[in-house]
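In what comes next, chain A is part of two complexes: it sits with chain B in the first one and with chain C in the second one.
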Partner chain A sequence: MKWFVKLFFILSASFLYMYADSLVIAANRNFPVDSLNLKTVQKIYLDKIRFLGGKKILPINLPYNHFLRKKFENSVLKMKRFEIERYWLKTHYMGHRPPKVLKSQDAVASFLKSIDNAIGYLEKGTAIKYKLKILYEVQNGKSKSKK
Partner chain B sequence: MRFCTKLVSNLLFLLLSLFLPLKSISDDFSEGYKIGDNFYTGGYLSTEYEKSDEKEAFLVDDLAFLLYGENDRWDFVSEFEAKNLYIKQNLPIKTEESNLNFSIERIYLTYYIDDYKTVTIGKFNSPVGFWNIIPINVLRDTTSSPYIVEKSFPKLTSGICYRYALNENFDFLYITLQNNEDIDSSYNNFKIKKHYGITLELEKTSGIFKISGGYFKQRDNKESIYTVFAFRKIEPNYTFTIESSLNKIDLYSTIFYDIYLQHVQNLNEHYYLIARFEKFRTYKDDIFTVDKKFEENILTLGLTYRPYPNVAIKGEYNRYSMQNNDKWLFSFSFMF
Partner chain C sequence: MVNLNLKNSISIQTKIFLTFLIIIFIGYGITFFYIMKYENEILIDKEMKKLENKAEQTLFELKNHLIFLKKEAAFLSKLEIMDDIIAKDIDKRVSNLLKKKAQDLGENIIFAVIDNNGKIVASSQENIKLSFSKLKKEEEIIQNFFIITIPVTASFDSNRHIGKLILLYPLKNLEKHLKNNEGIYSWITSDIVDFKKPEISGETLEVKKRFFAPLQNLILHYAVDKKIALETVYHVQTLLNIVFLIMILLTSIFIFFISKNLVLPIKSLYETAHYIIKTGDYNKEIYSNRQDEIGNLTKIFNILIKKTKESLDSIKAQSKKYEESLIDLIEFFNTITKTESKYDTITVAIRELKRLMNTQDIFFTTDKSEFKNAFMLNIDVKNFKENRSENLGTIVIHNPANQITNLKRFYNSIAQMISLQIERISLMEELKETLRAKSSFLSAMSHELKTPIGSILSLSQYLLTSSKLDQNDLESVSKIEHSANHLLQIINDILTIAKADSGKIDMNISKIDIPQTIKEVLDILNPLAESKGVKIINDIKGELKINTDPKLFKIVIINLISNAIKFTPKGDIHLSLKKEKNDYKIYIKDCGIGIDKEDIKYIFDEFYQGKIYKSGTGLGLAISKKFAALLKGDIIVHSEGVGKGTTTIFVFNSF
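Moving on, here comes the complex of A and B:
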């Protein structure tokens, strides 16, 4: 009986994962570029690149325990949580700051809507709902650049 | 008031953390303290215990405070540090000393010219290799540092650094220029009055490469040229680093060299096993020695425990092939 329950949960989780909304990197329609590649997204979120198209880019994070942040860290930054923590500690020594944190996807989407040079990660449905420009898309852990 | 509350709560957290079961921290903890809209402060502390046949010493070797900030196109970073704050030595002779003099370790402004170019003015870590960029105990892998960062090139530069991104992959070229006698030379390894350097940093799928070359002149007019090659590969379970240098000092006919290879194995998110082998040929400052050069191999084995990202408890053993300097080193360090 136990194995049956386990199997049920594994299959349910796999099903939900397959049909989960994809994660996108989105920005305001006036954002200076139309697409980003994986390396550039990583470098913006790790504060290795600060300007694009002559404008200072403002990356936005979701809260520490938000499911989408975990997905973003795994599939885009490709770093474990403790690696990211150590990374930000090193940048603290070098005078750099981690991205600003907003509490929900709706808060991020509203912020992106009003600030031209901010970018954030959201579920695709949320980005479409707020009519944001999709710069990069990750679906089921596989990344693809938005053409 | 908020600043004080956060400082006290973080110190309490630090104390409690040593006795509580391990868990993740929120991303708020390691960010330092916000002052006003654009400025932040923080710092770090490091204590060390050394035991060998010849020496036994306990020291509070670093206490430093950071103040930094940014606005649209400017970054400002400063670091004030007291080294060897307290030393208590039992061997070879019993001594006890303290030093509360803070010196300017770093102070600089960075201006972002455009997407690809920045210029930094002030006193900063020379952009050479990997170890030299993040040299503080809590952030580095072992309590001891490889010899290469002490003997090959100036750790700190007081001048200008121009950084240029060569391509869309953001591979960087750094040009460093100094033509003065340091903003504060207290903690620089060479007392220099000139330093001209160039560094190329390339990020490839196989790892990060850094190639540097430079010239520096000390206050006693000794002139040196150096070249440094560094490579780092970061994988989820390990980090592998090589740094090597060649340098020539005008007084000596010999070319000195240094190379170290280091492997850091992440046993899990809290424990790191470190093995480093370093081989070098350098000069002796001892005026009574006829043969000024000597060669050495150092094997370092260490274990680092990080209960939290900003706390490091380290133990290591250094084995020297020539010098009678085999020792155990233990340290506790944290950043706030």
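Moving on, here comes the complex of A and C:
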């Protein structure tokens, strides 16, 4: 069974990789910074950094099985699922909580549109569609800072 | 008094019955009044309070229900998922949640979420026509809904308002929480919503309660069927009526027994008393074995009858004793009065006293010494000649038996009786002596007078016949002869009276014919009458033979008729005879000079002569009366007065 699941993930990932848009970290145009490097994004999503430019940062996640979330975990956080789960379990006792989850890219986008200090990961097309500020872009499995 | 009589005329039985009836009526009345007024009020009050409590309870439950709904809404609003409002609920996650919750709660509750612009982001039901832009308060009523509004903040930033959660609660639902059963009705009235009112029949007690804010426009009604509420009172009333009837029944039975046990004995007492009064039979007794008051009354009644009988008997015995002693006394007096000498009187008195007192210890003494333990009857006799009392002696009664009450008075009256008898005897003796003296004096005197008068008469008659005297002397001698003759007549009359008084007139009783005798008398007297011009009319005719002394009878008749002739100057003299009972009466009626009323009293006295006519001896009527008495009769004289004639009645009797 395990191998079947692995195979499925690999296949789906390769499929997404081939057809999907590139993953971007986006935010409201009023977001205090214009770009973020990979490390900062990782720290924000792991609740290691909470403030940027004097403002509290609100990272938005996607549901557990969302394909973008998997892509995000693989290419940005670079952690396996169990590692992430173990991390949150460990840090729970220190007051850390996983990021807020919204159901769809559209929900995330519209949420970012109205919340200044939130960031989220979206497909690039969606981000552009909602006229969001792109802070970081991941392309073909390689993360690349805009700067 | 009338009222009292009326009261007394009601029988005891009726009185008792009425009394009990009144008591029962008063008791019943008070209880009935109390129950009708106070118990009713109390029960109504209680029922109202109950209703109020129920209403309040219901309101409390409704409020709790709404609070529960509010809590639910508040819970929903706190959910992180509400952050989707920011994303306009693109994923319908909020909508789904609201729909699920609304479905869970039921009651047609509608949830809605609006954003800060008042635009509906999500709702449990499509097509909500309400506009939420005007919502200001946490709770308010719009149209048919009770609306709870809860602000929603972002889960990540509690200062950020992202919208409002709205709960629409249809007011119509409130009705479903009301219960209508067991005669208790509840409903809501309001201007806003048309609530259904339950169908109520009959009278009810109703309570109104205003809802809590902000539902103050709603009024909760609670009502209860009065019949059910006052069921207890009605039950008690029924019970009371039954008890009342039972009481009357019991009273009637009770009265029946009272009448049997109380009134009947009294009635029997009354009847017995009535019987005794009617017949005087005191032997009657009432039988009763009761131990109560009636029994006591009966006993006392019997004792009373017995005592009365005893008293009556003793009174009878006493009166008999009195009667006997009275008879004894009368007999004693009677015996005493028959005695004829002092010695006899005292001897008989002592004998009778011995018999009366039933003792031998009675004797007479002239000794004045005192005797101990004895009763002394002093015989004091009045001496009429010397007009003083003198003591004859004493009758001494030893050990007088105390048989007679008022003994002293009894003995005194005996002593007085003895004294009286002795006085009488002595008086009679004196009288007899006097009469004897008078008669002997008269006869002696007459005899002594007759001899000289005889000499005077014979000598004067000799002188008259010798005619040697002249006319004057002759006249004188004639007067002497006339006077001597008159004197002799007087003396003869006196002698007759004296004879009559001393009882020396011999009576020769023989049968005579009265009319015949009268005729003979008239033959003698007619010449005298004719010489005076007086006519004698004799109505005495026929035959009437009686036993009497013809000589005395004739003397009386002659005397009376000649008197009538003498005192009748002119006119008729009527003679008639009547028989009244055993008496014969000869009426001699003249129309002569009559008699003065004063004189009638004295006409029979010896030597009395009327004021008018003064001739004769004045002894005629006295002699006639005495002879009439000897003939068992009397002479009665009637006259209307001087000049009106006289009627002389000669009463006589047959021997």
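Definition applied: the second predicted complex is superposed on the first by the 128 of 147 C-alpha atoms of A that agree within 3 Å, B and C clash if a C-alpha of one lies under 4 Å from a C-alpha of the other, contacts with A are read in each partner's own complex, and residues count from 1 in each chain.
As a convention for this text, contacts are C-beta pairs under 8 Å (C-beta built on N, C-alpha and C of every residue); 3 or more make two chains touch, one makes a residue touch a chain.
These figures come from a predicted structure and were not determined experimentally.
Participant: Looking at the overlay on chain A, is there a clash between chain B and chain C, or do the two fit?
Facilitator: Verdict on chain A: chain B and chain C fit.
Participant: So, does A:103 touch the first partner chain B, the second partner chain C, both, or neither?
Facilitator: second
Participant: Which one hits more chain A residues, chain B or chain C?
Facilitator: B
Participant: Smallest separation in Å between any Cα of chain B and any Cα of chain C in the superposed model?
Facilitator: Between chain B and chain C, the shortest C-alpha distance works out to 6 Å.
Participant: Once the two structures are fitted together, what part of chain A is touched by chain B and by chain C alike?
Facilitator: Chain A residues touching both partners: 56.
Participant: Can you list the chain B residues touching chain A in their complex?
Facilitator: Residues of chain B touching chain A: 24-27, 30-32, 40, 42, 44, 66, 68-70, 72-73, 75-77, 112, 114-115, 133-134, 136, 138-139, 168-170, 236, 269-270, 306, 309-310, 335.
Participant: Provide the residue numbers of chain C that touch chain A in the complex, in ascending order.
Facilitator: Per the touch definition, chain C meets chain A at residues 80, 83-84, 86-88, 90-91, 93, 154-157.
Participant: So in the complex, which bits of chain A are touching chain B?
Facilitator: By the definition above, chain A touches chain B via 39-40, 43, 48-54, 56, 61, 64, 80-82, 85-86, 88-90, 92-98, 101.
Participant: Under the touch definition given earlier, write down the residues of chain A that touch chain C in their complex.
Facilitator: Residues of chain A touching chain C: 56, 58, 100, 102-104, 106-111, 114-115.
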